Structure formats: structure tokens, C-alpha cells
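My questions all concern the structure below.
All chains are identified by letter, namely A, B, C, D, E and F, in their written order; residue positions are counted from 1 within each chain.
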């Protein structure tokens, strides 16, 4: 690992520290502060000259601050003659802005890719992108790791034998299939119809849920609205009131945790790609992605050593 | 329309001519030939200096020849000081290569975007992209028109009153919903499971098909395998043997037309984004996208005139 | 003005509206909202195709939000085939990060220039840049307008006949000279010495201040620390306790207004490049830069019309 | 050689295998297949992370397929974090499209250079470019090896003592001089005049050919037309009917081999930069460029090792 | 012509003035001076905002000064928001550095193309490039005009009826053929052989010269060495001592004019792409390229007007 | 140091040789000559493949020749597959053209940065840039070393105990403070006012100079005008006629040395970033920057070794 430096922005210092421990390296010197007007103030405290620098910075909320901070750290590394800047962005903000709904919108996830390249980022390492096509927004390499295996590992003892895996809409079928296969449980798919600008309604439930426990899967939990609605429909369809929710990115914005609890979600399993909410709800289990990030970086280093 | 020149490559001269007629302009001079070794030989026979040039060239099979030809025409336009090169690519080849399935593949749809920009293409006009995210592979503007309204217009008199609209898999639900809404018919969704590398099996049919005629929708018909399999499953589920298939891009590769006919597809409605097969099957109806392309170009010209 | 569209981000809607009034145009349709997770959500509500679009968005605090919003609006304009995107950034955030103090920092003002170009901004219009060299961080044209004449206009009736113009440190001599010349008053320069990381001390006062009123000038007032310290030194040197402060950019962060008042600053003249503080202090006069921006845009339009 | 991976596209697998043998390495895993619609389907089967990858792919006919395949392999390597992608393109397709004959053509050889750079190719290794200026179409390094020495080696025993070396037109004098010097034979130059669009006529023969055997040289044999015409003129001028033809790139399109035989060419010496025709004509001798490519790559590796 | 501004650098003010007269426009305001240390100091004295700017600046000796000056003027135009910068470079310095002779040289003509693009030049207009391939070094459009027709016009009355047109080596055959066709005179080709690093020897003369007057053609006359040597060989072969030399670019370095006169060259016809030598030799006729440049720019403007 | 090659252009061969000695390496083979027309002719005589190449070439007068030569050497290195081209430019020509004074000028220092990047320069190493912001004109890393410590070392024995350090204008206060701190002498600042286009007048002297020796500091001595004027003002203010001048870059253009001597400057200390004047004036002491350049390169190499 001697060619590399691991730096952390301020977005998720706990994950960065866990990754450093996993790798057996020290976190490199990178001070990120704010000027009185809120401008980012970055200073590297050790040389990164000709080193491969991994910058750990998910672009979780406040997304713009964390994004600009990542770009500023990358700029500092580039100007300090780093050999290669790898952005470790376990949660990729703006991932849902990956297409235009009409003709007069930005494609912000693509814009962000362009900004990262303009700032000198040479490689991106991320986890469970909202859509795989985002990799194509970049010209530089992007490696997307899957947290599904470690999440399933954590679920195995928590999920009743009769549970079904539920995709909350047609767009999540591929993801839910992955869970269903690893957990060896049947798949259920909810079909929805957009009623108005912001409301949808579940119209069909594909598969049998009557009397069964349900594991609802998604790539991220934002305000929890989709899940709450799905739980209601499952309950109406006779599902047993034993609901587990699993997702890679547990943003849990606003009162999401309370809403999920009120809806009857007893267990919520997420990873630490974003920092934990200050007061974690009961039933929350957090699985670390540090081991899979570390494993990837270690294998890369080994291949690099073998190659070089 | 006096600022613009309309050029045609060799991929779909019939569509180009139809577009010229719709716009009331003459096709500009662009000779595309082949050297004895198969290299593309392009020559513009009229000046494009400072003009906005629209190059009509879907990248349908033989895809690599049509792609390189498009790039060569664009290069000729750029070197001849065109003001702006708009690639009119109603069918975007390599659109399904929009993501990597493992870690060691190209993202060819993104590569193609990069090649188009490198060749001097300033704007892309296309129809019903396989996935909307492809727009984000470009930095230059991409306008994606929808052929669904004109296809529905053509379908209206051909589809029985009791028909249902069928999405052949979960990935096509959004497209099928658009058809179902415009045709005012119920939506049915097939669920599939990949059995092996190349085989899938229909596992669920969401919605009622017994005794109903079926309209199967997709963005493109390649070899027709997906449709044939879906028809079989619908037939097994008691659907009336009255199958219509509708898709924007009717590639109809190999013996697709014969296979569809043999499976019981009586009506097949596609557009002319790709040139028609030499011996069109009975029951094939081709709807032209020339009017919607022309309409878009005309509105653009009007906005440009108002702007300028 | 018929070729142009004027859009406003959320950073300074009052200035944007004033500019629209000056130009006699309506503000174009640009909705900027936030998703629940704080991500910027931009939608243009009218066509910008082939139009010259001016986006009014100073990158004042919260600087990162306003910057990313500007970039997203630019991306939307570019993807909507705007002819040219002119960023009207009367206050340029990160301008003080224009150099590295050691070897391991970003040059954030240069990074920001790169980000703007990567987002498709073709031209920048700004006011009183912190250092003129920032123009060179761009490859695209940057026009920097001076607010000093309109500020001097506003000062003329407020400044006693015996006042001196004070540069608070050696770096502001050029700016202060401009004021002194326009106001026809003598120039005084303070010399400072950095005592520690954050503290400086006035060591010399060049010019005569005893018994004179003082007009302290700067390009921006941030927390007001520099001014407060300077006022103290002037007071110690026998200046009359009649202090006026003038600056283009009145950020007035934290309790800056209160501190200035407490220090004895009776009059504070700034422009509206940044939006006014919610509770403006007594003695604050705000001069609008809308007329000089409008004048520049109008002259540009005239030159463009003559040229075209 | 341990830092490098050698991959082969489908254009010339025999040469790639020969090169691997020469280098004592195994050909790396690169599967190139076609989808049913003819789209290229590339998959690397081993890691290329941080490795220097040499991709062997002459862009011989079908030129567009081989070109796009090369670009797709390069894209796969780049996205898989290869340290450096070296395209080994012993035959560079479109090399004769290196200039415009009027004002409204592409310069396809330059376009191709731009496409290669856009696809992430970092270095090009080629053999006997049609014109040396093509190197200048690239910003990345291009190394052009000469096959003339190994071709002369092969000729030495096949060429009569009294033979002359013939340049078939003024544009090939430099190349023919190289052969004449290495073979220590006199040089003869044919002068031609274009009679019409596709026909030329030999007008002068510079040097003495009466009663002499002739070795006609060119960089490539395409349809053989130039050679057939030249042989006729030499025969008319009294040359002994003992004609040898030597060229680096033996495309031998259409019935070139038969035409050359019919014209009296008894010996034809070419290299394996392009794959051999399925039924090689009698008198064809193929010299491999694998040793000179291997030698160059080995020396590079040695210099890299010494350097690193 | 109202959209355009014509600027002149210092390389050839006489040609620039002639071009302005031909076009019926005034030379725009562009002051080019030198700082005491020789640095170029450029100032535009009139607005070029949104205008198409033609900068007349051949890169003749002192080539580096003229090149950097051209780049600086282009930078000033770009930063002043010109719509388009067209470099009018009738003589393209470094054109002979269009290839590498070994492996460790620059390709300076390609480097220069990259520098021009980096400085914001959008289009190049030149005359009789040394090799046509140089156009391919650019991505932006290059228009190369031919001065051969106007030179032939000037020659027609000066050349005896029995004269032959002489190509001084095989590389100039294409150019000499053009002259021979327009003048309707026979073509003669000299063949040379490099004796040492700097010396060549004429080995063959293709065509009949005995008793004939000779018109030697080349694209440029540098020190005149090639011509002097050729004249000697022609004289030895019995040519009549009536030698005319014609070339587009008459650099006439050092004592070239005297050497040519001494060798017996009675008439020397060149154009004004480079400024005339201070003391022009007897027998020198200078033909202006201003009319053909003006004609091209006028037609472009007309096409632009028709287009727009 | 085994990964690196040190090359010298023609701008300062003495410094390059000194640097080679300091580093204990041989100067690599780089022949730079001129063609008869003044075009630069570069040839590397040893392989730089995969090596880190340091090119020593200050862009001192004749600045355009030295600049183009540097770019040509960089192009040769890039095309020869160097791993990395580091331009060692101890004196950065055009540094004072770092901003526009009106709106219609180039920013030549920024243009030069763009040219260097376009030519393939990956990193710049320089000494005492005129303004630090120039680093931000680059996207690639720039390391600016300070010669002030070594200059102070040289001054220590030459400067009387009672001397003051004089900043000749407000823009040099930061630099002069550095000197004053290292020499432990008081700081004096001259204030000037521009009287006309080219003339300035000293209006204030901040600090006590009566009877004191003066050390005037600047970053460069060009024609010496600023210094001569300052010495006059100091003399008028009663300074002891014992004047020392110190600056990093001793261009000493025209008769600068004589003018300084005539003004009473007894000692002049500069570095060897630019080559010495042919007849150095009495009292000139030249300090070499070779040790600090070597030290930086050595530390870099060590860090690279540790990193790699």
C-alpha cells in the first residue's frame, strides 16, 4: 500500500477512519475548514507528490458543500503533483438527476461527472449507483461496488423463513432479484401509477404476500415516502405486519425514521455510505462498506504491484 | 429554412428524401461512395459555409459503416466551415451498450457519443432512445423525439376494442404505460427471469389477458426473440390469438419477420427510422417519422429566426 | 434586445429584477427549486434555443449552493441549445482563493473558472474582481465592470470636504487611488504587519489624518475585521471620529454591521451585487449595479446588431 | 515484460499470435464478438488495471468494423484503468485520405487520429505509413517502423543480379531509393500523367530497363492496377519479363493476385500486416513483421525498466 | 462585409493594406508594439465584439516573433468576445517541419497548429502550403488558396515559347505539372540523390532541355540553394541560359537574390505572401495575392449572408 | 535520479550545466539549432521513452524564440513517449502581462500557460513569479521556488548594519517584507503616483531613511528605470549614498547596468535565472539558483522513490 495516500473530506469521517483501519494505513493529512463566508478552505499537510491519492467523500447532503469540497481537494492534489486522484464517493449525489423529464432541464449527474473530470479526478470508486448508466457519463474509469452481498449477510438472521422480497416499483426489479436470489426468497413486485405530480398509487402486487413477512428493498431511503406507501399496500393485501426495509444508502431525511417506524417497519438495514443520523431509530442496523472498499483498493494495489 | 442544408448519408435515403419533402427543401449535395477497399469516400458538392447542416444518418446495420460514414460527413462539414453540424440519427446504434455488465467492458454508447463530439457534431436529434440516460453521455445538446403518438395514431383503427397493451418485461413498463394511456387500454406487464446466459422465462403476467387481444410494445424489434417468447406466454395464459406488435425501430434482423408471423403476430407497426426490409412481411405497417422530425426542425428554425 | 433571454438564479432575485427593468425585458422562465435532500432542481419554462442567455447569479453565500445552481442552469441552457451562455456573476465567490500560500492548497478561484467552462459557460460578466488576474484563469472572455464611479457618485454628497481616502493596506492602494481621484481627495495608506496567523497590526499611516474625516475603501466587507482595526488605528492617529466605509460587495457576515457601528462607522456605502442583509444597519446606503450591467449588455447588443 | 498485456482484436489474429510468441508472452484475454445486429461486443477476461496494454489491430478491410472494434477495446481498457493503451496498428486504414483534393472533403486519416485519441489510445505503433505526415495528425506519440529491411532480406536471394528497382511514380521515389540502396541495385522511376479521373499513363521511364529484371516497389498493393500498368510500360520499354513486386501491405483486393500473375509478375513479396488472402497466389512470399514489432516493444520495455 | 473586422499584425502590413483596399474596408485598430524586453504588446483600439475577425499575419521570419504575435492578437480577440477569429497566414512558417526524420524530433508544423487552436483561432486561410497534409494537423477548418493561376498569368508574357517547366526534384512534380498545364509547356523533372547531410546531386533529367529556356518552379525560395544547383545541372545538359524562377513564397534569405542572379536567373516571379526584401534584385516581379484572398473572403461573406 | 533526464534549451546553458553538476547527472542529448530562416530545429540524441524529462529553459529575451524553442522541445519529448515533461522555467517571460489594463488586450501570461499545456508540458518549475496568481493560469502543477533566502545569504556580508530594506512601490511590499525579515532590517516603502503613460513620481516615503544605507528590492531588473527613480527619491530624502539593489531576475536590458552605476548603485545582487550580460558591471554579484532547483528536484525524486 506504500504508493498510496488516503485522504478524508468532511462528509463521512467515520467511514474514512474505518477504511483506514481496514487498510492498515493512516489517514493522510488533509485539513478542510470553512472561511467565515462559508468558502471551503483546504490544505494538505503532507506531500502527495507522485502518490496515488484516494479521497473519501460521499456527496451526501449538504450535497453542494460536499461536492465543491471534493473538487477543491482534488484540485489541491493535482496542483501538488499527485500521480492519480481517485475519488471514493460511496454515495453519488445527484444520481437521480440522470435524465431530463422534458427538454429544458440539466442532466445534473452528467454535469457532476464533467466537473469531477475538470477538477482533475482520474478515477471514481462508488457503491450501488442509482443507475448503472451514470458510469457512461464519465470518460475516466468508474468502479461501482455492490453492497448487496454484505447487506444480505446482515439480513440473513433477521429475516423470517417465510419472508418475501419486495420491489417497490418496476424500476427496482433488477435490484430486488439480486436480493431474492442471495436470500433465496420469492420475489414480489409492486406496480404503481402516477396519480399526479407528486403522488403515486400501487395498482398491482405481483406475487403472493398474504400472511408473509416482507423485505422491501431499494437503493436509497430518502424521505421514506415510497416505502411507507408500499407498506400500506402490502398490509392491505394481507401481508403479515412484519416489515423489514433494506437499502444501501440510508439518507433518512427529515422525519423518515419516525415515519417508517409509524408505518410498522421494525427493522431497517442500511450501510454507512452516508453518515448515520444523529438519533438513530430503534431497529436500525448499519453495515459498513469499509471492508468492500478496502478489499477493492487492496486488490487494486496488488494488481498494480504485480503489474509494476 | 434558408440558413440550413439537409444532407443524407447512405443509411436511409428514403427517410432523408421524405424529410426534405416535408421541409420543402432540396437534399444538399453529399456524395458518399466507397473506395475499392471499402473505405468511405465523402464529397460535398455544394458549399455549407456558415450554414446549419443537418446530416440524416441513422446508425442502423451495418452499424460501423454507417457510424464512420456519419463521422466522415461531419468532418467534411466542419472542415468546410459549417456553422453547426446537427446529426439526425433517428436510430442510435449501440444504444443497448449503455452500461457494463461486469467491470471489463466498453460502454460503447458512451464511446460513440465521444466519437461524435470528436468529429465535430454539435447537436444530435434522435427518436426514442433505448434509455434516456444516453443523452447524458453527451456534452452537446441531444433532442429525443417520441414516435409513440404517431404510432398510436396508426394503431387506433387496427386495434380491437378489448385489446390490452403488454409490456414484455419490467424495463418497458414506462414505455407501455405511454401507449396504454394514449390508446386508452389496460396495461399488462410480463415478468421474466433469466434462466441462463441467453434464455429467459416468463414467470408472471400482471393484469388480465384471458380472451383479450394483445398489443405488445417495445422500442425496437431486433431478432424478435423477446416478442416470440412473450406471445407464447400470453397464448398460454388464454389470450385471444390476435397479436399486434408495435415498436419504433423495426430492424427485423435475420428471419425476424417470419418468426413473428409464425408466432401469430398478425399486425406489426414500426416507423421508418431504419430502412424497410427488402421483402416486407404481410401485416407490416410503416409509419414515417419524417413529419415529427420536420416539425421539430421547423420549430427550431422559427425560434432561431425569432431569436435572431 | 430580441436575441437575448435574461434568467435569474436564486442568489439575488432583486438585482435580477432590477436588471430586467433597466433593460426593459421580462425575466425568462427559470424555476430553481430544491429536492428534499437539498439537490438543486432546475427547469427552464421557455425555449432558449439559439438565444443568448444571461444568467444572473452572484456566487455569494451560501457560495457552494449558488455556484452549483449556476452550473446547473448553464447545463440546462447548453442542453437546450442556447447559442451562448453568459454568466452574470456580479460577486465572484472564492475570488480571494486566487493563489496558494504554501504548496499544498487548491487555487479555488481557478478551479471555479474551470468548472464554469466545463458547465458550458461561454462568457462571464462580473463587477470589481478581487484581483484582475482572475480573468486569466479563464479561456473564455470575462468582462469586469467597475462600480467605483457609481459608488463615488453616491459618496459625493455624503463625504465632508476635508475627508481623506484610506487604503486599509498596501494591496488596496490601486483601488483607493481610483476613489481618491474621482472624489478629488488625498490618499492615505495604512501599513500592516501580520502578527500571527489571524492577527495583523497597523504599523504606519502614510499621509495626514489628524483632524480629518476618513473614507475607508475596500472591494468587499466580509466580517468587517480589517475595517474595525483600521478605524482604531486612524482614531489613535488623531482622525476625526467621522468614518465612512465604501465597498463594492457588502457581504456583512455575522455581526459585521454591528461591529462597524460600534467602531464608529457612521456611513456604509455598498452595492447590491449581493442581496441586502435582512436587517440593514442604520447608515447603510445601497447603490445598484443594475444600471451599469444593463448599460454593458445594451452596448453589447448594439455592437452585435451592428456587427450582424 | 511483466508490466504489459498483449491483446488481439479480430483483424489479424495470426500476427498477434506470432507477436506473442516472439515476445514470449501469452495473448491476454479479450473476447470480441458480434451481437445479432452486427454491433461489436467486447469483453476483457483478465484485469488490465495499471498495466500497459498493447492492442494488435490493423485497420484493414472491413476497415470500419476493425476501426470501431479497436476503439471499443481501447474504451474497455481505459474504463478498466489500464495505465496506457498502445494501439498496434501495423496497417493504418484511411491513410490515403490524408488530404483534401478539393475543399469539401473530410481528411479521414486525421479524423481517425482524433477518434483514436477520443477513445483513450495513448500511443500508436504502426508500420510504413502511407505518408509520414500522418504522425502529425496525432498529439500522442506515434512510432512508425520500417519493414523495408526485412523485405530486402527476403528479396536478396530472389532477385537477379542485374535487376533494377522501379518506383512506379514520382511519389514513391523516396521509398524506392531505400530499397535500391539496401539491395544495391540501380533505381528506375516511372513518370505518369493522369489521363482522366481514374486513368493514368506512363510517359517517361527514368533509368535503363532494357533487358533487365525489374523489382517494382510500393507501400501497399490494393487492386494492383498501378503495378499492372507499370509492368506493361516496362515491358514495352524492353525490360526482361522477370518482374518482382514488393510492398509492405499486401491487401490484394478483389482479383489483384490473378491480375498480377496475368501481367507476368512471378514473385510477390509482402508482409503480414494484413491477414493473408484465403487462396494465396503462387509466387507469394509473406515476411512477418512480428520480429520488428517485438524488437521495438522489447527495447521499449527495457528502456522503461532502465528508466523506472 | 459589415460583419467583419480586418486586423493586421506587423509581419506584412503592405499585404494587409492591399487586402483592405481590395475588400473596400478599413484596417481595424490593432496596435502591436514591443516592450523594452521584446515582449509583444497588443492592444485592439476598436471593439470586435461578436464580429468575425480576420488577422493578417504570415509567419515569415522572424518566425517566432510573428507566430507569438499572431497568437497574442488571437487571444485579445477571443477575450474581447469576437464571434470568430480567422487567421490569414499566407505563408505558414514551419511548414517544412511536417514530419520527423528520425524518432526524436518535434513535428513543429503540427505543434504550431495546436498552438493556434489553443490561442482561440477558429479558422485558417493560407496560400500554397508546403504539403497539403498540414491541413489535417488542424481540427478547425483550413482553406488553402493556390497562387499558381495568378503566377502563371504574370509569367505568360515573360516566358519564351520554347520554354520547358522544370520540377527541381521528384517532390515538386505535382506542383510543376500544374504550372506546365496552365502554361501549356512541356514538363521536365530533375532527379537528385542526397550525397551527404546537406548536399545533393542531380542524377537524371527527365525530358528534353537542350536549347530550351527553363522555368524552374518551387513553392518557396529560401536560400536559393536548390535552384542554383538545378540551374547548373540544366546548363550542363545544354539548356539555353535563359532561366526563369517562379515560386509562391519569395523569402530570399541571406544573399539568395545575388546567388540566383550569379547563376543566371534573369527573371524571378514571386508573390507578396512575405514582405519584399529591402533591396529587390533586378528581374524580380512580385504578384499580389491580395486579390485572391479578397475574392475568397468576399465569397465567404456572400455565402454567409445568403446563409444568414 | 535514474528515472530522469535533464535537457537544456539554448536560453541558459550555463545554468543548465550548473544544475546538472548539482544533481550529479549528465545533461541529456538535446540539439537545438536554427534553420537558415530562423526556424527552430530540435533533435533529441538519446531516448527519453518513459522517462521524466526536465527541460531547462527560462523564457528570457529573445522571449519568443526561447518560448517556441521550449514548446518544440516539449513536443519532441511528448512524441518520443516521455513519461512526463517538466519545464524548468526559472524566469517566466510575459509574467507582467498577467492582466488586461483595458478590455481589448491579451492576457499573454495566461496565453503562454495555455500554449505550454497544448505542447504537452505536464509540470512547471519556476522561481519568484512576478505574481503568484500566474500559477492559477495553469491546470497542471506549478511549483514556484523562492530565491530570497539565497539572495539574503549573499547580502548578509555586503549590507551595512544600519541599512533599511526599500520596497520601490506598494506592489512590492510583500516581497520586501520577506527580505526585511530575513535580513532583520527595517522596512521602508515608497509610494508612487502615475504622472502620465510612462512616468511615475515618488510621493511618499514610509519609514526613516535619513542617513541610512538602502537595499532596494524587486523581483526583476529590466531597464532599471524604477530603481533609478527610487534611488533619486531616497537620496532627496537624505539617505546615505550607499545603495544596494537586489532582485531575482537580472535582465539588465539596454544600458541598465550603466544607468544603475550612474545613479549610485554600488552593489547589485541577482541570480542566474537569466544568463549574465556579456560585460557585467562592477559591483554585480550573481547567486546561482541551481542549488535550490537541484534540491527541489532531488526531494521530488526521493518522494517519488518513496511513493513508488
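Keep in mind that, in the parts below, a contact is a pair of C-beta atoms (placed from the backbone, for glycine too) under 8 Å apart; a residue touches a chain by one contact, two chains touch by 3 or more.
Everything quoted here is computed from the prediction, not taken from an experiment.
Any chain touching chain C that also touches chain D appears here: A, B, E, F.
For chain A, the chain whose average C-alpha position is most distant is E. The most distant chain from chain D, with centres taken as the mean of CA atoms, is C.
Taken over every residue number at the interface, the positions common to chain B and chain C amount to under half, indicating a different-residue contact.
Separating the centre of chain A from that of chain D, both taken as means of CA atoms, is a distance of 50 Å. Computed from the mean C-alpha positions, the centre of chain D lies at a distance of 34 Å from the centre of chain E.
In whole angstrom, the spacing between the mean C-alpha positions of chain A and chain E is 62.
Of all residues in chain E, those touching 2 or more other chains are 47, 79-80, 100, 103, 107, 110, 114, 135, 139, 143, 308, listed in ascending order. If touching chains are joined by edges, the resulting network of the protein chains shown has some other shape, matching none of path, cycle, star or complete graph. Touching pairs of chains, sorted by label, consist of A-B, A-C, A-D, A-F, B-C, B-D, B-E, C-E, C-F, D-E, D-F, E-F. Chain C makes touch with chain B in their complex at residues 2-3, 47, 49-51, 78-81, 83, 120, 308. Those residues of chain E that touch chain B in the shared complex are 123, 135, 139-143, 300, 303-304, 306-308.
Across the complex, chain D is touched by residues 35-45, 47-48, 61-65, 67-69, 71-73, 75-76, 79-80, 93-94, 96-97, 100, 102-108, 110-111, 114-115, 117-119, 222-223, 251, 253-254 of chain B.
Across the complex, chain C meets chain F through its residues 98-100, 103, 107, 109-110, 113-114, 131-137, 139, 143, 170-171, 173-174, 177, 189, 191, 193, 204, 206-207.
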